[in-house]
Structure formats: C-alpha cells, structure tokens
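Next up: the structures, one after another.
Two complexes come next, and they have one chain in common, chain A, joined by chain B in the first and chain C in the second.
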Partner chain A sequence: MNTATQILVSGLTLGAMYAISTVSLSLVWGALNLLNMAQGAMLTLGGYFAYATVASLGFPPVIAVFITVALGALVGLVIYFSVIRQMLDTEGFEVNVIIATVGIGTVIENLMLKIFGAYPIRQPIMWEGGFFIGRTHVPYNSVVIVVASVFLMLVLAAILTRTRMGRAIRAVSQNREAAQLMGVPVQLVYAQVLLFAGALSAASGMMLSTITTLSPTMGYDPMLKAFIICVIAGLGNIAGALYAAFLLGVFEALVQFLFGVRFAFPAMLLLVILALIWRPYGVFGRRRVSRQ
Partner chain B sequence: MTAPLLQVRDLNAGYGGLTVLRGVSFDMKEGSVVALIGPNGHGKSTLLKCISGLVAPRAGDIVLDGEPLSGLRPHQVVERGVHHIPQGDLIFPDMTVYDNLMMGAYLPLAYSKARARLEEIFALLPRLKERQQQIGSTLSGGERRMLSIGRGLMGGGRVLMIDEPSLGLAPLVIDQIYDLILSLQKQGLTILIVEENASRLVGIADRVYLLDDGKLVWQGTSQELQASEGVLATYLGT
Partner chain C sequence: MTPARKDLLIGALLLAVAIVTPLFLSGRYVIGQLTLFFIWATIVTQWNLVFGVAGIFSLAQLALFALGGYSTAMLGLYFNWNLWAALPIGGLAAVVLSLVIGLACLRLRGPYVALLTLAISQVMYLLIITDTACFYMEGVTCRNFTGGTRGFAKYGDFGFRELLGYKYMAHGDYYLALVVLALATTFSIFVIHSPLGAAFQALRDNPEYARSRGISRFKFQMLVFASSAFFTGLAGGVYSGYYKVMGANTLYTSLLLFLLAMMVIGGLGQTWGPLLGAAALMLADEALKDYPDYRAMGVGAALVVFILLWPKGIAGGISALFDRLKPAGSNLPKSLALRAKNNSRRSNAGP
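Here is the complex of A and B:
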C-alpha cells in the first residue's frame, strides 16, 4: 500500500511536468507543423530564469514564478520572429525548421553553460517540507507541481475552447487554408502559439528543476519524454497528450521502482514502438471517422 | 452606369511551370450573380483563389470597389468583405458544428453579431441546428457542404464566392442549396459561383462566363447559354 502510494505520488509529479511540456510541444506541432527541437533548451531556460530572478536579482519566489513564465513567453516570441517567421513558406520548411530549432537549442544550452557553469545548481524556488499519507512522505513541492499543472492545463483548455483566439488556434491546426478564408491572420496565430509554448515550457522547466538540479542539459531528457508522450497520444492531440503524460509519469515511476531507474527510459521507448505498430495515429488519437 | 463592384483585369496565374490563367478579365455588378463554368482543371478554382489571396497572381489586377485586392493576404481580403467558400469540405474536422460556424464569424464585426447571425443561418439550414454539437468530421457529405456554406455566411460579407456548391450532392440537397443562393441574392449579396452543371444556373445567374484553358471564351446570360447548344457541346460535352 505504501509503495503504491509512493509510486503514485512520484508518478503524478512526473506526469504533471511532462504534461505541460508535452502540451507545449503539441500546440506548436499542431499549428505550425514544427517539431520544436529547442523545447529542451526552453525548459532549461525556465529553470535558470527562476534561479536568476531569485538568487541574482533577489525577487521573492512567488513573484519570480510569474517573471519566469513571462520571460519564457518572451523567448517563444523571439524564437518565432527571429527564426521561424523568416523560414515560413520556404521550400522544405518542415525539415529545415527542425535543424534550425536544434541550432537554437544548442545556442541556448551553451549560453547557460557560459553564464552559469556546468556545475549543477540547486533551484531556490521550491516549497520545502511535506506531509505523510500513511507512512508515505509527500513533499509539498509535488503537491504544488500537480496543482499548478492542472491549473495551467485548465486555463489553456478554457482559452482553446472558449475564446475567439483559442478557436482560431485550433482552426489553423485543423485546416490552415480554411482558417485563412475565415479571416484568421495565420502569422499572428503562430506568434500566439509560440508565446504560449514559451510560457508553458518555462513553467515546466521551473518545476523540473525543483525535483532535479539546474544544469545546462537538464531539459534534454524531459524533451525526449515529451516527444514519446506526443507519439503515444498522437501528435497535435492536446487532450490525449494530457492523459498520456500522467499515465507515462506513473508508468515511469513504476518501472523505476520494479526494475531500477535505468530501465525507465528503454521501457518508454518500447511503449513507443508498440504504439507505432498498433496505433500509429496515437493511443488517444481517433481513427479519422470520415464519411465520403 | 455605376462602376462594377469587383473588377478582374488581365489576370495571369499558375503554379510552378504551369500556367493556369491567361489574361482573364471580367466585371461583377453589385447585387449580381455571376457564374463561371468550364471543364475541370481549366482554372475556375484558381481564379477564386486568386481573388481570395490564396494564390498570388503573376500579372493583372483585382479591384474591389475601386481598391486593389491583389497583393493582399487572405485574411485582409476577408476583412474587405469578400468571402470564399472553397470546394469540397474544408471544414474544421475536430470542431463541433457550432464552433465551425463561429469560426465563420472570426472578424470582430461579425463576431459581435454572431448570435443573431447564427439564428438566421439555423433558419436557412435547420439541419445544422440539429447537429450543433456534433463533430465536423462525422457529418455526411451534404451536411458538410451546408456547414461550409453556413460558415461562409456567418461573416456577412458583400461578395460571396462559392466553389462548386453542388459537387457530389444529392439532387434534393442541391435544390436546397440553390434556393439558399437565390434568397441570398434577394438580400443583395454579390455572388460568384463556380458550377459544372450549367442547367442549374438558369434563372439564377445574371451572367455566365465560360473558362477554357485559362481563358474566358464565351459569355452571356444563362438563357443564352441554354440556347447555344454548340457552346455546351464543345466545352462541357453535354
């Protein structure tokens, strides 16, 4: 019973962080057909932003959280306007932009290395302490992560389904040409999507750094896991990404407990292979119901 | 003599090495219904896409009410009141019928009037009202077509371009759609229809243009079109 609770607690915490980062990846893919390889670096940046605003600039943690998310959004916009927008509508966009985002990621990673050094740093923004469920220790930090993730997802869902802007983002993802014919300025939508993706990535990176440590490459592993979750959920399927993130988080914690930490990643890759064989459109993806 | 609402002058367009439109010129008066007919693959849809900004013309001008449309992005063309209902079912497949219709009223002005507009469209197309909460991709072909048309009407534009309203639909549904087009005309909309089935245009189109191999080769009223069997036989094989 205690083990089960333990696995569930750490699984849900992992899942919550993955969920945000996966949704960010999925949004960008859906709207722009852009596989954002800079996602890992955007997560890393979130962690360091939080660290720097507290440790170097001396802001109280609560305010630092908001500053970090705002800076993340800004990074998303800068990446869009400086690189992606220049490449839109060019031949081979989908492949070239992957390489471009790999480049952006490398630049960010090395900037962090240059500024903060390679030595892992402890994230000062975190809620110390915890409580017990039975004999299982539940850190307050985990509770904050899960609650904050769920809150962010609910806000995002409300934006996407209930606002004019959100509807336009979904419209561009589903049928770009038709969206243009409705009067949607697609480039504005792309900028909005990158803004959201940047903010979500920063939030996810900040959470991530509270349970590991800050290092220039910390975003790499979670980015790969976000890709895995996207494949399992079906790329661009945001609701599916959410379920898959939590399930995979618990799955990872379970494998770690049963077989050891080093087997968690290979086990997830095995899931991807199985998903691609049996449900290439994603476990939560609907097979297109199409009547002709 | 009032100036025409929409003027197309010497329009040339193509894709890559392929030339699709070669010097197309025509006018549309405000409140008129103009039809484009002609064989498949001879540039009718490309002409609409040029007007709506999806395809950039290589040469020529498109002028709406004295202001050039050519060179504008698609959303800017929509902002000027020219709405294009594309061929096939370019609906948003994972959105509900309701959300699809609301997308039609994306522009701020239309958005503020969307509620009232929605009721009007439900009155014209009651099937959409029944299916409001259904996901787009689960509709039948006819329902998708109606959704596409209803969505195009949500914007409340001045000029409506409809690409093949009757393609692949049952005769009964086609009748409904043409009844709808007639009632839109009575409301004063300027309408450009692309149609394969020339007999449908009788009594609806004020002017018919025949587009063949990228050029306008014949024009007349729908009655004249029906009378000149040679035209139909040569170009449409009927």
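Here is the complex of A and C:
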C-alpha cells in the first residue's frame, strides 16, 4: 500500500512536470505545424528569469511570477518576428524551421551558461513544506505543480474553444489558405500563438526548475519527454496531452520502481513506437491526423 | 560532360591534392586535424544523402556512427579481434541499427522522424552513461559492459606504429580516413546521379505522379538509409582505431549540432556541400579555439543565419556564381541554344 502510494505520488509529480512542458509545445505544433526545438531552451529561460528577478533584482516572488511570464511572452514574440515570420511560405518550411529552432535553442542555452554558469542553482520561488499520506511525504510544491498544470491546460483549452481568437487559431491550424481567404489575419494569429507559447513555457520552466534545480540544459530532457507525449496524444491534441502526460508519469515511476531508473526513458520510447504502430493518429486522437 | 563525370573528376582532383598534402605538411597536429576532418566529412556526406537527398529527417546519424565505433572497440576488447577485421563489422552493425530505426520511423512524416530518431540516440546515450553493473573486473576496478561514463581504452589499433614506425603512424590513420571518405563520396555521387537520385527528385517535385508511376518512397528511403549507414559505421570504426579511446562523448548533442551545422552551412542536398561545410566549420572552430565559450553559440547562430538567408549553403552559392559567370544561353539544351544563336545572328544580319 505504502509503495503504491509512493509510486503514485512520484508518478503524478512527474506527470505534472511533463504536462506543463507539453502544453506550449503541443499548442505551437498543433496550430502552426511547427516543431519547436527551442522549447527546451525556452523552459530553461523561464526558470532563470524567475531566479534572476527574485535573487538578483530582489522582487517579491508573487510579482516575479508575472514578470517571468511577461518576459517569456516577449521571447516568443522575438523568436516569431526575427526568425519564423521570415521563413513562412518558403520552400521546405516544415524542416527548415526545425533546424532554425535548434539553432535558437543552442544560442539561448549557451547564453544562460555564459551568464549564470554551469553549476545547478536552487529555484527561490517555491512552496516549502509538505504533508503525509500514510508514510509517504507529499511536498506542497508537487501539489501546486499538479494543480497549476491542469489549470493551465484548462485555460488554454477554454481559449482555444470558447474565444474568437481561439477559433481563428483553430481555423489556421486546420487550413491556412482557407482561413486567410475567410479574412483571418494569419500573421497576427501566428504572433498570438507564439506569444502564448512563450508565456506558457516561462511559467512551465519556472515550476520545472523547482523540482530539477536550474541548469542551462535543464529543459532538454523534459522537451524530449514532451515530444513523446505529443506523439502519443496526437498532433496538437491538448486534452490528450494532459492525460498522456499523467499516464506516462505514473508509467515511468512504475518502471523506475520495477526495473530501475535507467530503463524509464527506453521503456517510454518503446511505448511510443508501439503506439505509433497500433494507432498512428495518437492514442487519444479522435480525428484522423496524418503522420505520414 | 555529364554532371556525374564532372563530379567524379572534381573528386579525383581533390583526392590527388589530399594524397600529396602530407608531403608538404609535417606537423602532427595538422595531420591529426585533417584526419578528423575526413571522419566528420564522411559522416556528413552520408547524412546529406539521407537528409538532403532522400528527405529523411533523421537525427540518429551520430548513433549509427557511435555504434560503428563501439562495435569495433568492443570486438577488439572482448574478443581480441584485429581492428581491421572488426572495422567492417562496425559498418554492418550500423546497417542493422539503421534498418531497425527505418522500420520504426520511415513511414512517418518529417517532424515525427526527427524527434523519434533524436529520442533513439538519447536513449542510447543514457543507457551507456547510466551503466554501472559490473561486467568484468580489471584489477580491483569494476568495468561496465558498455564502458559506462569512462568509455573504452586499450582495445588495440590499426597497427600503424609497427607498420610505419613512430614517425609516420599518424599518416597511416590519415590515409585510412581518406580512403573511407573517398569511398563514401563516390557512393554519394553515384546515388545523387543515379535513377535513385532521380526518383527522390521526382518524389519531391510531384509526389502523386511519382507514386502513380510506381516509385515507392519507403523502399528507396530504406535503401539509402541502410547503405549510407554502412559508411557512417565505418567512419565510427576508423574514429575508435584512430583515437584509441571510445566513449559516450561521440553521442553528445553538441557534436550532433556541429555536424548538422556542417551539413546545413555546406548546402543541403548538394554534392559538395558536406565537404565545404565540414571544412568551413573546422576552420571556424580552429579560429575560435581561444574563445571556447562562444564555439557552441557561434554554431547555433550560424545555423539560424544560414537557414534564413542562404538555405542552399556555400555549395549553392558557388553554383549560383558559376551560373552567372557562364555566357547567356549555355544552360539551355543544345538545340535551344543553337536556335537562340541562329536567331541572334539572323537579327544582326537584318536590315
């Protein structure tokens, strides 16, 4: 019983980490058909923004959270206007943009390394303390992350399905030409998506760093896991990503307990490949999404 | 002259230059760097075939390279094989891995291939560096089956020291790496100008029509992926025999990025792109040797700038320059060019 609680708690915490790393990746991919390989670096950036505003500039944590999210949104816009916008409608966009974002990610990661150094830093914005379920210690921080990740996903889903802007984003993601012909301002929609993605990544990175500690490469591993979750959930399927993140988190905790930590990621990868063979449009995908 | 002949001629000239270069350069460091250049260039020419020509967005190229190196080293260490015998096995091991990856990924679309292949190489890296189980004891220290974080050493080499003496042992590795590069480049010229290359061009330009004429993308992609993996694995074997240590540093993301930048900056899909790109990046890296902090940042920035402004890379720029230098009309087929000439003559002769 105790072991089961322990696995469940650590699995849910992992799941929450994956969920928050996946939201903005899934949004950008689903809406723009753009695989953002700078996602890991954007998460890292969020963590360091939060650290710098509290530790170096001395803002109280509550205000620092808002500053971090605003800075993240700004980064998203800068990436859109400086690089992605120039590449839209060019030949081989889908592949070239992956290479470009790999480059952006590298630059950001090495800038962080240059400014903050390679040593891991503790994130100052976090909820201290915890409580017990049986004999399992549950940190408040994990609870906050689980709640926040579900909340962010719900807000995003509400924006996408209930607002005019969300309708425009979905229209562009389904058929860009048709949306443009109907008078949807495609460029503006793209800018909005990257603004949201930047803000969400910053928030996710901040929460992520409370568990993993800050380091210039902290975003890389969650990014890879987020890719896998996106693949399992189906392209741009945000609700599916939420389920998949928590299921994979618990799965990973289970594999870690049964076979050891080192087999967690290989097992996840195997699961993805099987999932792709079994249901090529994603386990939670309702509409058929082409991966071919 | 057909384009294939032209490329083979350029290749032969470059090979001749590379063969005589050690006669004029004596520095060990330079010979070593050139050897490394040949190894990277081999990987990048094959990656270019996979990525630039066949359109498979694979990021597992280093995994294939590392597997070739690891197989060669492990055969030498565990079975006391001569590395010359182990070298082709390293190539074949890479082929087997490429077939597995291909079966799992190649039916998917570009971005999915990219992230699954990236995940596969990351899994390989993690499995190696987290390996702590004792496989055998060396004195009192415990050694892992995959070498763990320490990697492998003392598994033998190609025996150039005994063969050529201490003074010329570096030349042995130099020429071995050159031979592998020459084979790999010949193979890539062959693929680019063969019906296979034409098939990929057709699949890119008009996929529906190409498919309706019976061209199977999956089959052709597998063919290119597997055969290029052989040369990539060979390069891995040469690397392990040359360095005499083999470790997980061959799977670092920074190295993957360095090679990706070579391919992109040289020119994706262009015959001579990989060589130009590898040369450019090695020179730039040499120039930044005193500023190690900016190396990776420079690679990242160069990737963005090139893909934005010059997506055809250095090779594309050079061929555009040649096209401009050629007299007008020389790009047209012969009959058309002749007609254009006659027309101009006629108009000149007119009243």
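For this structure, a couple of remarks:
The rule we apply is simple: the second predicted complex is superposed on the first by the 286 of 292 C-alpha atoms of A that agree within 3 Å, B and C clash if a C-alpha of one lies under 4 Å from a C-alpha of the other, contacts with A are read in each partner's own complex, and residues count from 1 in each chain.
In this section, a residue touches a chain if its C-beta (ideal position, glycine included) is under 8 Å from a C-beta of that chain, and two chains touch if they have at least 3 such contacts.
Because the structure is a prediction, the values reported are computed rather than measured.
Once chain A of one complex is fitted onto chain A of the other, the partner contacts of A:I273 are limited to chain C, with no touch recorded for chain B. In the superposed model, A:V184 makes contact with chain B only, not with chain C. Contacts of A:A168 after superposition on the shared chain: chain B is touched, whereas chain C is not. Of the two partner chains, chain C is the only one that A:K114 touches; chain B does not reach it. Look at A:R135: by the touch rule set out above, it reaches neither chain B nor chain C. Greater residue coverage of chain A by touch, when chain B is weighed against chain C, goes to C. Of the residues of chain A, those at positions 290-292 touch chain B in one of the two structures and chain C in the other.
Of all residues in chain B, those touching chain A in their complex are 52-54, 73-75, 78-79, 83-86, 90-95, 99, 102-104, 106-107, 111, 137-141, 151, 155.
For chain A in complex with chain B, the residues that touch the partner chain are 164, 167-168, 170-171, 174-175, 177-186, 288-292. The part of chain C that touches chain A in the complex is made up of residues 57, 104, 107-112, 114-116, 118-120, 122-123, 126-127, 130-131, 253, 257, 260, 264, 293-294, 296-297, 299-304, 307-308, 311.
Those residues of chain A that touch chain C in the complex are listed here as 29, 35, 83, 86-87, 90-92, 94-96, 98-100, 102-107, 109-111, 113-114, 220, 224, 227-228, 231, 261-262, 265-266, 269, 272-273, 276, 280, 290-292.
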